[in-house]
Structure formats: C-alpha cells, structure tokens
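As structure tokens, here come the structures.
What follows is a pair of complexes built around chain A, which joins chain B in one and chain C in the other.
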Partner chain A sequence: MSPKSAPLSSRIFTWQFAFFLLIACCATFFIVKRFIFGIGSVANMNNGYPFGIWIALDVVVGTALGCGGYAMALLVYVANRGQYHPLVRPALMASAFGYSLAGLSVVFDIGRYWQMYNMFLPQYMNLNSVMLEVGLCIATYTTVLWIEFAPTFLERFGLKAPLKTLSKMLFIFIALGVLLPTMHQSSMGTLMIIAGYKLSPLWQTTWLPLLFLFSALCMGYAIVIFEGVLSQTGFKRPSEAPMLAKISRVMNWCLGLFIGLRFFDLFTRDAFGLAFTGTTQANLFLLENGLLLAAFILLLSPALCKKPAIHFLGGCFVLAGSGLFRFNTYITGFDPLTGHTYFPAASEITITLGIVAIEIMAYLIFVKTLPVLPSIGKEPHKI
Partner chain B sequence: MRERDIITQRLGISRRDFMKFCSATAVAMGLDASFAPQIAQAITAARRPPVIWLHGQECTGCTETLLRPSHPTLDHLILDLISLDYHETLCAGGGHQAEQVMHQSIKENEGKFILVIEGAVPVKDGGVYCQVGGKPFVDTVREIGPKAAAVIAIGSCASWGGIQAAAPNPTGATGVPAILKEQTVVTIPGCPPNAQNFLSTVIYFLTFNKLPALDSKNRPLFAYGRLIHENCERRPHFDAGRFAGAFGDAGHRLGYCLFKLGCKGPVTHANCPIQLFCEVGSGAWPVGTGHPCFGCTEEGVGFNTPLFTQAKITIPTPAATPPPITTEQESQVTPLATTLTGAAVGVAVGAAMMAGKKATSEDEE
Partner chain C sequence: MSLSRRDVLKGAACTGLVLASGVNAQARDKTLPPAALGILYDATLCIGCQACMSGCKRANKLEPDPSGNESLWDNPTELSTKSLTVIKQYRQNETEDKAQTVKSGFIKRQCMHCVDPACVSACPVSAMQKDPATGIVTYNKKACIGCRYCQIACPYNVPTFEFDKPFPQIVKCQLCDHLLAKGDIAACCQVCPTGASLYGPVELLKEEAKRRLALPEGQVALFPANDIRTGRTVSHTTAEYQQHIYGEKELGGTQVLLLSSLPFAKLGLQDLPEESYAGVSENIQHTLYKGMILPMALLAGLLYFVKRNER
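And now, the complex of A and B:
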C-alpha cells in the first residue's frame, strides 16, 4: 500500500509563476498568429526540413521527458519493486503533461490542422504508415495516462464510488501504460530510418528503434530524479535521496546498455571515424556522447550515487545527452541535401518555450491543489 | 496441345501478357493480384458464357469505348472471353437472321446468359419511340430480362435514362433498373463509361459466379465507391485555394482546380482520376485535359445540372480562407532567435546548477 499523498498548501501565484505566465502569453500570441496566417508566418520550417523544433523538441524530446511514468511503471509494476511507489504519482503527472503538450504541439505542426481528425477515422488509415502508429499510439497513451492519474482527482473531490470502480480496472490501464510507450518510443526511431541517406551515418542505423526505447527509459528515470531533487529543494521537503539514489543505479544500467549498443553499432558500421571530422554534426555527436559517458562514469560508484549532487548531476547529464541524441537524430544529423538550412525563428522558439512554461505552471498548480506528492505530515514552508 | 498454347493461339497473345492482364483486372477490382490464376481459369474455361447485347436509345458510344482501349489484346479478349451471340453493331448478319440467332441463343441458354443493355428505354405512348425488329424496345427488355443470369446496364442512358431523360424528356426515357424492378441490374454509368469497369464487372461475375459489391444505385463499389474529388490530381490546388477562374486564364493554364468552372467532381462518384481513359497515360480524362467534370456517372448531375454551375460540396472542406501551407525560405538565423536559444539554455543550466548546489548543501546540514 502506498503512503498517503497530499497537496502542498503554499501560494500558487509567486514571482516565478508570473515569469512563466509571461512566456506563455507571448507564446499564445504566436500560436494564434500561426492558426490565422499559417506556419510560414511564425516558423522557419521549409521543404527541406518539414520537421522543426516543435516536433524535435516538443514531441520527440518532450515525450521522452514524459517517460517518467513509463519507466516507473516498469520498475514498480513489472519488476515488482513496490518501495518506489511514492514516486509513481508525480511521475505519472509529469508524463500526462508531457504527452498532452506534445499532442498540442502536433496540432500546431500539422499544416492542414482542420483535417487532423481524419487520422482517427478507420476508413482513411494507412496501415503501412509508421507515422500513423506514432500518432495513434501517442493519442491513446495520453488518454491512458490521464485515466491512470484520475484517482488523484477523485481523491481530491472525495468521489469514493468511481474511485473504487476505477481501482478495480486500473490494472488494465497500467498494462496499456507499459505497452504503448514501448511501441511508439521505438517507432519514433523507425521514423528516422525512413530518412535513409539524409540522416548522417553517426545516427542512421537499423538499431534506431531500440536506441530510442533505451533513451526514453534513461530519460524517464532521469526526469524522476530531476523532479525529485527539484521538488525537494524548491518546496523544502524532506530528502528522498536514498530512493533517488537507487533509481539512479537502475538508470545507469539502462544507460550502460544504451551506450554499449550505440558504440557497438558505430564500430561495426565503421561510422565512428566521422565523429572527428570537425563538422557541426561531428561536434554535436561528441557533446551528446560526452554527456552520456560522463553520466555513466559519474554514477558507476554506488557510494557516490548516494550524494544528491551526484545523482542530480548524473540525471541532468542524461537528460541533456539523451535529449541531444534525439534532437540530433531529428534535426542536426539530418541534411535533406537540397540546399535547405534550418534554424528556428524567434517566434517558433517562443512557442516551444511557452509549451515548457505551461507545463511548469500546470505542475505547480497541480502539486499545490491535488494530492500528488507524498504526504510529509507537517505544514511545508512557503516558497 | 498444352493449355497455354491453346490460350496463346486463341487470343493471339503470349501467356505472360495474358497473366499480366488477369492480374491488372484483379487489382482494378480491388482484389489481391493472387486472384489472377482464378480469373485466368474463368476466362479460359471451355464453355464461355453467352452474352446478349441490346441497344436502345443511345449513340453506340459505350460500344465504341469498349473497342477503344489501346491495350493490344482488349478487343480480342472481349470477343474471346465471352460468346457474344448478339450485338447489333458487331453482328455479321442482319435482319431476321440476326433476330433468329438471338432468340435461339436465349432459348438454349435460359438462366445462363449475361444480358447487357446499352441505351435508355422509352416508355411513353407504349414505347413506340424505339423499336427493334418491329417491336417496342421496352417489351423486348421485359421479355428477355427475367431470363438472364445477370443484367448489366452499360452507360448513363441504360442506368437512368442519360441525355434522353433530360428535361423535357419527350419520349419518357428511363433506365433499365426502373423497367426490371424485380431483378438486380448492375449499372455502369458514364458517358461513355470506362471500359475497364465494365470488363472487371463481367470478369468478376465469371470468376466468382456472383455480382461484385454494389452501392445504393447498383454501381460496383470498386469503381464508384469514391468521389472524383477525393482522388483528383488537382485536389491540392483546391485545398490551397488555387482555382481557374475562366477558360484560358493564368490559373487554367497552370492546371489549377476547375471547381469554379463548374467541375462536378465533388458530387460525382467514379474512379476516373485513378483508372483514366484509353490506357494512354496520365491526363487522359476530362479534368486532366482541363475541362471540368460534368458528372456523367451521377444520376441527377450529368445532363441535369448546367455545365458551369458550381457543385455543392457536402464533404468537409477547409475554411473559406485556409492559412497558407507553404513556407518561404527567409533569412534563417536572426539575432533574436539566437539570443532566445542562448537565454533558454543558460536559464536551464543555471537553474539546474543552483538546485544541485542547494541539494548538496541541505544534504550536508
């Protein structure tokens, strides 16, 4: 049985909140502009780069950041490690935000957004399309996440009967919640296999689906550690360091497998030499793998892992390195060979920042009004 | 003599060409290409089903179109795959002799032959406006129809009356389905219809001994299941709001959408944009040549709605002024964009470092 969760009783509107609200308002302006005047009026995407940062950051990196729920569900329910249960609910909430906002970004990114509903009509489905798999799977998983998170609302508003019914059926959604991300996170890798020679050999490999799955798991654990430490320092809560330290060990296993497969693949394909050609792509590759290797070495020693600064730093390195791996696969490692170049426009970046701001604001509102974080039995300080 | 030699000799084509035709026919009907052997077997069966082909009020365009396709073997096939016992345009004999052959064939093959009717059936004044062999055509249809294994109405005239039935319809022209109400009459409308759609329907019947799936107007779904608008090669222009405003204007010369010139593609069901005509490659269909579709396969549209009247679109359409979906390649890296990127990365790294420091210091306390 999980320990009780409780809402934090601190003020919602703080100066940090106002800062995020400002960014969100700017983003909203550009979002409205995009819907009236088209993508071209706010973004620099072009015929060579049909994917911009809205897909690469908000969806591909964003859903990986939202894999906390998936990674924790694997650990708690599949590997049956019940002691981590208190971390499941915050992780689920972050996942629900991450996925919902990724879905929202897709709406901005679809040129003819008014035809989007066709994706859900069986008679129009192209069952050979990997994009359809990703789209439908993410849409389904977002729904599943909110259902998994629903007990929080039901508890808050004291709806006991629906809570009881849902608890009986929840195992179905938990099972789906483990299955679906396994499907679409690997399919995101498959998507870029289709890019063929346009993707640099440093990233182009038939192992991309498995690499994307591992990177999603690593980032899932990393975000749990990251948010755990931040909510501890930000809300002045008791330290969850021992539990986070153990999760960092689990993460390091995933990370080791990821790095092992990544380099095995690079060496067997004779592609590793490209890393030292001094191009932007090569340097970003070195940065990406440098961050991941640094995290791996940092977290090798179980004793060092116990220090919050170390597992926090490791988590940050994994988030940056693994996020960069995904970003490079979608944007910087990609060259359409048509002479097109891509750098996001200021308005395009603002929209992405706005999405992040909305996510943070929603997190703050939720933890302060709903029983998300584990109860600590005393009045927490205000921040 | 081996079977394939017999086919080769009879059809005057190689076995390879013959199997290619069978696969193409299967695919045109929406079947898997693996049905080709079954189709080949049906086509080469020793006993070929007799076909009686009647002409009513029409221009013989449907027969013409059937002989048109440039595929080298299609005319061989239509003559060899079926036993065409009676066809007024193609009969070698004439007059009483031809009539006699028809009645003899019907007597011998009752319940086994395929009846194809081309042209409308006039019913006004006892049907006196179209007589063949001294007999009103409507009586002939009523007499022979019930004896056939399957009735196919080819062309718009046979399907619902076509141009003859256009107002004021002086002869009371009607389609075959309205005459043979007791039976299922497959309609292959079009003016002229695509020969491939007719052939595919016949071959489907020969292969599976039943009619293909039909829509509410008895048109085979494989050919008439979708609107022309849905698969039109000019559809992207429609979606982007690029229209030809008049014949010969800039938009028309650039191949823009013909909707504003009265194209009936949005209300007409047919596979024209996919199947095209006469097997001569892309562009060989009305819209491809720059003329709006006039809706010949759709009852109530073709010969009914004026040519240049705009069609009423009932399927979901984009907003009246859709936002542009193309992006101009502008100056890429702006100072503001780089500043924002730098600031965002800086804030993230800074916040993470502060949080890390805080976590360490609290841990040490």
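And now, the complex of A and C:
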C-alpha cells in the first residue's frame, strides 16, 4: 500500500479533545437512561413520527458523510485517477468511523435491540423489505471498510506477512466497497417510497433511489474537501489545494446530475408549485435547493475552484444542502396527517452530538497514532 | 484504462432507466385470501357507546388508557399501545359548509387488515405476517427488532410502539385471532349492540355493504348484527350513505370495510389510490435485486476495473 502516509506527532489530549469528551460523557448518561426507562424517556419520537434524528441524522445523513471512501474509491480505482491516492486513506478512515457510529446509533434507536441478529437469520429475512437490504448492506459495508483500512494498522505495527496477504486480496474488498454503498445509499431513498402520501410530493418520487445515490456521491466528495482543508489548517500541513480543487470539479458534475434529475422530476410530476406555498416544508425545500444551486454556480468556473476558500465553501454548501435533502425526506417532509408533531428533545440531540464528538475524538487519536495522513517528509509542527 | 465522462454519463443513464422501469415492472398478485375474515363498520348505525373499546380491552387484556387532566377512567382519544380500537367523533365546526346535511358522525379506527399490507412488505424480519387463509395481519414479538418501519409504512397509522418501556413491542389489532380457535369472533363485534361493527367473511360483508348502499333513505330495514353468518338481525331506519365503501379499493383493498354518511376525508381517512405504495416499493426493489443479477454484474465489472487499476 501507500508508503507515503505517516502519523502526526502531536499531543492527543488537548483542550478541544476535553470538550468533545465532555459531550460524549453527557450523551453516555442519556444512553444509559434510554436503556433503563425506554426510548420515550430521552426522545420525542412518537407514533406519528416513529423515525427521529437518530435515524435521519446519525444514519441517513451520517452514512452519506461517510461516503468519502466510496466516492474516492470510485475515482481512484474505477475511473483510474491514481493521482488522488493520498486522499484515499483519510477518506476511508472517516468512512469507517461514520458507518460504525451509524451502526452504534441504530443499536439504541432500535426498540428490540437484543433481537437485532434476527436480520441475519434466514428464517426471519423478508426479501421484500427495503429495510432488510439497508440493514444487511450497511453491516457488511462497515466490515469491508475496516478491512480496507486494516493495512494502516498492519503498517503501524510492522506486521509484514498479513499485510502482504491482505494486499493481494484487497482488490476484492475495494470492489465490494464500491458495490455496497451503491446498493444501500440508493435503498435509503427507496425506503421512504412506501410512506406514500405521508411524504410531501416535494420529496416523494420513484426517483428517490437515484437521487439518494447522487446525493451520497456529492457528499462523499464534499466531505473529502472539507476534511482536507480542515486538517491542512488545523494541523498546519502543506496545502493539498490543487488536488482538492480538482475533486471539487468532479463533485460539481455529480451535483449537476443531482440537481438536473431533481428538477426534471419535480416538473414532470407538477410538484414544483408547492415550493412557493410558504409552509415550513416549502421553505426548507427552498433552502435545500438554494444551497445546492449556490454550490453548483460557485464551482462552475475552474479558475475560481482553485481558491481554497471557494472549494471549501462549495463543499460546505453541498454538505448542508444535500444533508438537508436527506433530513427533509425523513423528517420535515414527512407528515402522517394525524396531528402528531415532532421536535427532538434536548437529551435526544445530546446523544446525536455525543456520537459526533466520539467520531471527532477517534479521528484525532487515529491521525496522531497511525499512518493515515499523507507524509510531508519532515517533522510536523507541534500544536 | 480510464473512464471517460461519456462512460460515466452512460452508466448513470442506464441506472436511471433500470430504476424508472422498475415502477411498472411486474404486477404483483395480491388478492383477497379465500377465507378472508373482516369487519364491516357502519357509522350510520354507531351510537358511540364505546362498548367495542371496552370489549377489545377485556379480550386482549389491555390496561386502561386515561386521557385529560383527571385520569379517572379509560378514555383514549387515539390508537395507542393500550387501545387497539377507538371510536372517534367528528363534529362540524362554524367555518365548514352549512349546507352539509349531516352535522356529526362516528368512526371506528383499528387495523384495516389490508389485502396488500405495507407493514408486512416493510418488516425486515417478517414479524408482520398476513395469514394465507384468513388474511389477518399478525405481529410476532419474537421476530420484531423494533425498527418501527411498519409505522412509517402503514397508510392508516395503525401500529403503535411502546416508547415508554425498556423492552418495547409493536401493538396493533390482530382481529382477535386468539379467539378464533375457540370459535369466538372479534370482541368488538361480539359486544356491539347495534350491529355497527359486523364480523364475518369479507365477501359476505362486501355484498352486505353494497345492499346497504342501495337501500332508499328513511326506510326501516333489517341489518345483520355481530356475525353475519348467524342470521341475528336488528332493525334500523336507513340513513343517507356516502356511495363509497372505504376499503373496497383503497391501496388494493382492506378486510375492514367502512360505511358512513360523512365524506371519509372528514373522518381522518385519506383519499388513497388503488395501487398500493408497498407495490411501488417492491417493484423497484425486485427490479434491482431479482436474483441478485444486477448487483453481481456490477461487482464483476468493478472487480475487473479495480484489479486493472490497482497499483
């Protein structure tokens, strides 16, 4: 594998780290409460809104944020753009975290978690269920991600023999690592089709699977740009701007397809008029698509893309807009028309924030102890 | 080897076509089971006594479900984990059409026992099952993982979840299938004093519903009560009916059929198409995953490209 990666040699325990640790501790308290007194004791989900932010943010948006590994593998190994290889390993690591923590969220979101393994038992499997496809596929992909990332551990601990064996078989896992997200990211769109009229026509369409696939790809490239710029400024590393600029161009192609299909669908179904009805749903739709269009226009000029501020901003707009598209499809665009309402409880939000905090802490520990980030050939600065 | 922009676009277009074609791919055979059992609820006969609600509680051993500030007695206002059926009342308010002749009415809510149940299609672990003979939609807690996707899927918002319990279950009406073996009928129909809730084979109930819709208004007529097969009848003056059997065609039909003087939309029941959402969802899923052919073909292509481009 790449010999060009090296651990950062800076302190792990910083005041930022302590801050994230505090959030994670608060979240742990509420998670314990959830297991003793039930989901209702910490969350506002109800019979009208059975899915809350643990599903919509931690899983549906969270795994899309974890699509960096998928998007980069597609670029490097399928489209054969080898020059981006240094970005693959950090992307893979972020993906492994994103998916693992989404899996963790599912454990406390699912009511009868002690029977979760029923999904893997053939006598219980329902092959008509989109949820089964999503569940099995995410579980398999999370395993594949850690196998893809394993060379990093093997290099760090100098385990040459297993590294050699794994290197020979790695192409199988890389191929699976492209197939599986294609499957479950699109299925996460299919998942909401069965909700029928409960999902507003601004989001309910049989194109949801393809829209979710495009949105996952956009967010995959966006998160690579986002993390690239942040780790460069945060750890005071040399600029990867030329590479990130090119990735922002690739992202904009995906974004163009996404926006094109989105509006084609809205117009052919005559649903676009709903966007100007002034309801919360309509305004969130405008915000969602405003962000995406802003990103698309911002990144149209190849010259402008080269500026780190521009591709960073474009990446942020895509993360916000595409993330909102997913959130709207699961929460704000959803209305069972029974008079139920849903707004997450403080404890419910704390648990989601705790998951994010754990993810950031793990990222900091990993890049400082394992050869993840591209080596810069000299002793890095202390921070 | 490198992938050109055109190849990428072509690939995306193909995926799109496959997904789009999924919508009308295959017709699923979802018809009423041979011995389908159900309920005909006639709101024009209902007096709102709620005997069905307490009968249901007794038969299914459910706790009281008080609402309001005083919490003195069992008076649920919505379906809940403690109430598998509720009688609701609609009353016309000032802003509505004054010309409307019927000013108020009752409606009974419970599991509709769909011919093509969305919950059964949605459940990843087959905890929701439709009985092949009686068509009763049952719940198996030993299979359920508590993902609540059945609640998202149900177009009638029927399944409820025990959010307040550490070891929760999904709760819904199972048409008293535990009484069926003893030769008894659904408790709500057993106790209904007016014949508003009538139990029996769905085919017979459908015929009865059609007979009622054809009756002239304001005439004294006989109505079967409790179980349509027993021949017990009560007499009532016929009311004005909406010419619509709710559940005859909605999303492929249901085994619980509703009749009313009021438009069903006013009673909290949505206007629904005849094609089920479950059918749309399954067609997409089966087009993409039938025999795992498409995923396997994609994997083969990926293996080829990755092996070739890996350094």
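Definition applied: the second predicted complex is superposed on the first by the 380 of 383 C-alpha atoms of A that agree within 3 Å, B and C clash if a C-alpha of one lies under 4 Å from a C-alpha of the other, contacts with A are read in each partner's own complex, and residues count from 1 in each chain.
We adopt the following convention: a contact is a pair of C-beta atoms (placed from the backbone, for glycine too) under 8 Å apart; a residue touches a chain by one contact, two chains touch by 3 or more.
Quick caveat, the model's predicted, so the values are computed rather than measured.
**Student:** For the three-chain model obtained by superposing on chain A, do chain B and chain C clash or fit?
**Tutor:** clash
**Student:** Is A:182 in contact with chain B, with chain C, with both, or with neither (first, second, both, neither)?
**Tutor:** After superposing on A, A:182 lies in contact with chain C but is clear of chain B.
**Student:** Regarding the shared-chain residue A:7, is it in contact with chain B (first), chain C (second), both, or neither?
**Tutor:** In the superposed model, A:7 contacts neither chain B nor chain C.
**Student:** Would you check which partner chain A:36 touches, where first means chain B only, second means chain C only, and both and neither mean what they say?
**Tutor:** both
**Student:** Thinking of the overlay built on chain A, is A:209 touched by chain B (first), by chain C (second), by both, or by neither?
**Tutor:** Once the two structures are laid over each other on A, A:209 reaches chain C alone.
**Student:** Quick one: classify A:46 as touching chain B (first), chain C (second), both or neither.
**Tutor:** Both chain B and chain C are touched by A:46.
**Student:** Compare chain B and chain C by how many residues of chain A each one touches, and report the one with more.
**Tutor:** Residues of chain A touched, chain B against chain C: more for C.
**Student:** Tell me which partner A:350 touches in the superposition: chain B (first), chain C (second), both or neither.
**Tutor:** After superposing on A, A:350 lies in contact with chain B but is clear of chain C.
**Student:** Applying the touch criterion given at the start, work out whether A:233 contacts chain B, chain C, both or neither, answering first, second, both or neither.
**Tutor:** The answer is first: A:233 touches chain B but not chain C.
**Student:** Is A:342 in contact with chain B, with chain C, with both, or with neither (first, second, both, neither)?
**Tutor:** Only chain B; A:342 stays clear of chain C.
**Student:** Figure out whether A:82 sits in contact with chain B (first) or chain C (second), or with both, or with neither.
**Tutor:** A:82: touches chain C, not chain B.
**Student:** Please identify the positions on chain A that touch both chain B and chain C, taking each partner from its own complex.
**Tutor:** Of chain A, residues 35-41, 43, 45-47, 111-112, 115 contact chain B in one complex and chain C in the other.
**Student:** For chain B, which residues count as touching chain A in their complex?
**Tutor:** Touching chain A: residues 239, 316, 318-319, 322-330, 332-334, 336-337, 340-341, 344, 352, 355-360, 362-363 of chain B.
**Student:** Using the touch definition up top, name the residues of chain A that touch chain B in the complex.
**Tutor:** Chain A reaches chain B through residues 34-41, 43-47, 111-112, 114-115, 226, 229-230, 232-234, 239, 241, 307-309, 312-313, 316, 340-346, 348-350, 353.
**Student:** Give every residue of chain A touching chain C within the complex, in rising order.
**Tutor:** 35-41, 43, 45-48, 50-51, 76-82, 85, 110-113, 115-116, 118-119, 124-126, 128-133, 135, 170-172, 174-176, 178-179, 182-183, 186-187, 190-198, 206-207, 209-210, 213, 253, 257, 261, 334, 336-338
**Student:** State the interface residues of chain C toward chain A in the complex, per the touch definition above.
**Tutor:** 1-3, 5, 8, 12, 15-16, 19-20, 22-23, 78-80, 118, 120-127, 141-149, 151-153, 155, 157, 159-169, 251, 268, 270, 272, 277-278, 280-282, 284-286, 288-289, 295, 298-299, 302-303, 305-311
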